[in-house]
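Here come two complexes built around chain A, the first alongside chain B, the second alongside chain C.
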Partner chain A sequence: MSHSSGQKFMTGAEIATQAAVDAGAEMMYGYPITPVTEVFTNWIKQGQKYLQTEDEIAAGFAVCGAAMAGQKAFTATSGPGHILMQDALSMAEGMRLPFVAIVAQRGGPSSGTVIYSQQEVTLACFGGNGEGLRLVYSPGTLAELYTLIRRAFNESWQYYFPAIVLTDGYTVKTRGLVDLENLKMENVVSAPLVVEGEIKHWPNIFTFEEELYSEVMKSKTDFDKITANIATAEEYQTDDAEILLIAHGIVGAATKVAVDQLRSAGKKVGLFRPITLRPLAAARLNNAVKKVKKIICIESSLGQLARIIKDELAPDIQVSFEYLQYPGLGIEIDEIVSRVSKF
Partner chain B sequence: MPDFIPAKFCVGCGYPIILITLGRILEQKQLSKKAVMGLDIGCSLLAIDALPINIFHTHHGRVTPTMLGFKRARPNSLCFGLTGDGGAYAIGWQSLFHSALRDEPITVIVVNNTVYAMTGGQTAPTTLPRQKTDTNPNGYEGATFFGPELLRHVAHKDAYLVRTATNSPKEIAVYLEKAIATQQAGHFSLVEILSFCPTNWKTIGKATMDYVEDLKKVYKVGEI
Partner chain C sequence: MLKNEILKILLAGDGGQGIQLLSDIICRSAIDQGLQAASIPNYGLEQRGGVSLSFVQVGIKEIIYPKFTKPNILLIMSEQARARVKQHQFAETKIIDIVDFKIKMDEVGVSAKSQNIFFLGMLTKMLAAMDFCNQATVLKLLEKKLGAKLDWEENKKAFEQGLLCAA
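This part shows the complex of A and B:
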């Protein structure tokens, strides 16, 4: 194997751990759950500070408390643990806490399967009793897993929204070549939200509906304001595309290869791959769909991505939709090529 | 330090006694700047403006893990969790139990009025046999929950577990001071305070005092 000296052969879990270290994370609260346990155990093996809590609820609220004290803390979870984590994520959303979670999706509902799925999109983006004002990133590759974890810490501590890096067990358990030296970025510095010597009375429950309304609308305004800086997507072969394939995460990566194969066969297809699911790069999406005749949403769920896409399309856009949906199943390149060829 | 607590609590509620006592101790010991108090959701949430220290809301049952996260991030802070008996012993019990087991150096103040008071007086783990509540209109028939006694089985030998009542404010002060000293020594502490709830007990005046005295016959006060 020939590769440059900066390249290393690493698992997704090792990359995730390294990203957290490089982001300046000081503390991890975790509870073991497949397929993301290795992120926790690798962190511990590196000699980093951690606590194994009694459940994901405690892990989540400990991250909230750490964030208030100004410490870069994070957690990692999946599936049923991700459900419990929504309690703390809701507090982080309401109180605008820099809360970072790495979520490796597994199949659902219920205990489901333990390695792979894309069925936690709705939960990550819109879980909780709020409005989904959180940052959700969907890495397609190992290198992107690294950069998006770095971004999650930076953007969470800069803009004070909870951040979820939404990956899956295939990505976390895959071993591949990455050159992390080329992916370095500056860190946003953390600062305490509760300062010693100050007297801050910080509510998250309100007497009047108008008080809560103004809190939510302020967050919504802030969220809209940062969308242009944060919303990211990859567009591939979209300039003359007649069919636009939309997929995220590793399905997005597989779809990109499928686009090349379909193009070789003369099919005018392109890819729109959201890298952030919240906020979505809606302006770019709406631009990319202008000239296409058809959109095909491809995902390992029964339409959790498709619903977000349809929600973000401008009302005047008329385009037909098709769906390739495999809840909880991995999607091979050949399958995408074979199915899309028929449209 | 204010001489009174803003009138958010019901008339005759025990919370203001606890909060004034805590505030005076923090002021006397010059600990107000280091003190951070998390509030569970329940009547405890009404303490948001009660003291001239950093105070924030958490979620129902989640004040303990929030405060241990804060404490571990800032070890020189003095962390309090203020919670009711339902938040502590029902929905938050798993976290409270494991925090005691791990000897987290935080101080949990459990205000025990034997009911879910904020929601109108439903049965709590601490509700007494034959006590009538909204959710046991014919009288509660279950067993009774002894929080500090249960925690004694798993807590560190130097952890401080104690029970007192709002009709003994001097005792509250003594126990809170010991709880603070315990946290400063690096150990877990929990102060359960049997507290007046005339609204839900449907008592006035002396009957409220008698009610607490009756509670003390079941829930033994003192260090545990």
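This part shows the complex of A and C:
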């Protein structure tokens, strides 16, 4: 046996940093917080430009300002820092700024735990006083962490929506083998959003309700237009599935292995794994659930994914739901197999 | 244990005992054998003196999920680590507990700071017997990490004693 020459033994944090470098990121603004601190420290170790701000509020608004000036910038945060960053993310949503954030979920509420959860889904997708017009990606593996960070930079700069790569402490802390050489992609070029000499009135506050309404609806129309290009999901063994398991991120990856084991035991299960949580691949979801008798949503939270799924299901679809919910707790393959076997 | 299964090793000790070093060497040695390897550390909130764990997996199959409840091998290097890993002890788990080797390590002159290397020797012997690592590779990786340090000979001796103890 041998490994391909491009394979390296890397942590998720190292992979995230490399993805940002390869995406052409020029600057990181951030405030350290477990479990994403190593993204920041690895970036600094590589000699890249950075600014450690006084808190995540400042880091977020620094990314907003940098994006306006055409600088490909990003930040990384988690849990309480993610909460503080919602103010800036909301501005990025309103002003259509290419804001890139790597968020590694930790347990909540509040400071919770420093390791793992899937409890920042609602915050990432719908945090702030807006309509959730953000691009939110959920990587299941180390390789996918890399490709989704590259996509986040590209799609944010192409479509001018904030982009969040919503990972977790397990993924950024895990060290594993990955071949980044096969995952390369072209970069979307960044440019100042206001060219030098141009005078542009570019508000994030409006006098009249009608003005704000018009802006929000324009963004909504744009978001709907790009959904087909961006919304991504993995479907696995869904053709003849009677039970559809829905899970995202690292739980989705574990569920895929569980599907194989359950199939070996004669259970007709399949997997729908949203890779983008915003926008969700709703058309594919609705197609996948047509023939199933039951949906089981599996997640490390009390229904944050399930609520999104239910919201995106077509009104005429009648299917029963079951839930495996472990707020803030990792879900191992054996546990999924054992629990799903009973349905 | 078949080589086509994933071998799960949980290393548990105090911060500063070198748990993450062992984890790194075991993984890199397995990779050198052409195997898949993954590890994830787990610490508490303590800045110092807390428990340090490493969940290590090696095998032919791709490793999808980094954590596990049931280890095949569990190394316990301290009292507080023993308390932390209670839920990971099963009938089929091979437990290597420092309390069972204190006398032996004293007899053969393994110092406190080389205890992790003694256990690396033991683990190497066990893993090599299952083709999950190569003894010479482990020693080479260890030398690369610690060879330049003053106490290298002491560490090397601890490694050799660990190999003998597992035999």
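The rule we apply is simple: the second predicted complex is superposed on the first by the 342 of 343 C-alpha atoms of A that agree within 3 Å, B and C clash if a C-alpha of one lies under 4 Å from a C-alpha of the other, contacts with A are read in each partner's own complex, and residues count from 1 in each chain.
Simple rule for what comes next: a residue touches a chain if its C-beta (ideal position, glycine included) is under 8 Å from a C-beta of that chain, and two chains touch if they have at least 3 such contacts.
From a predicted model like this one, the values you see are computed outputs, not experimental measurements.
After superposition onto chain A, partners chain B and chain C are found to sit side by side with no clash. Vectors from the Cα centre of chain A to those of chain B and chain C enclose 110° in the overlay, to the nearest 10. The partner that reaches more residues of chain A, of the two candidates chain B and chain C, is B.
In the superposition on chain A, contact is made by A:141 with chain C only, not with chain B.
In the superposition on chain A, contact of A:68 is made with chain B only, not with chain C.
By the touch criterion stated above, A:256 is placed in contact with chain C alone, chain B being left untouched.
Once the two complexes are overlaid on the shared chain, A:115 sits against chain C while remaining clear of chain B. When the two structures are aligned on the shared chain, A:202 is found in touch with chain B, with no touch to chain C.
By the document's definition of touching, neither partner reaches A:212: not chain B, not chain C. In the superposed model, A:173 lies in contact with chain C only, and not with chain B.
In the superposition on chain A, A:44 contacts neither chain B nor chain C. The superposed three-chain arrangement places the nearest Cα atoms of chain B and chain C 26 Å from each other. No residue of chain A contacts both chain B in one complex and chain C in the other. Interface of chain A with chain B (complex): residues 26-27, 29, 51, 53-55, 57-71, 73, 87-88, 90-91, 95, 192, 194-205.
Those residues of chain A whose C-beta lies close enough to touch chain C in the complex are 1-3, 9, 114-115, 141, 170, 173-177, 250, 253-254, 256-257, 330, 332-334. Remark: chain C residues 24, 27-28, 31, 33-42, 45, 60, 63-70 touch chain A in the complex.
In the complex of the two chains, the chain B residues touching chain A come out as 33-34, 36, 38, 41, 45, 48-49, 52-59, 62, 64-74, 77, 94-95, 97-98.
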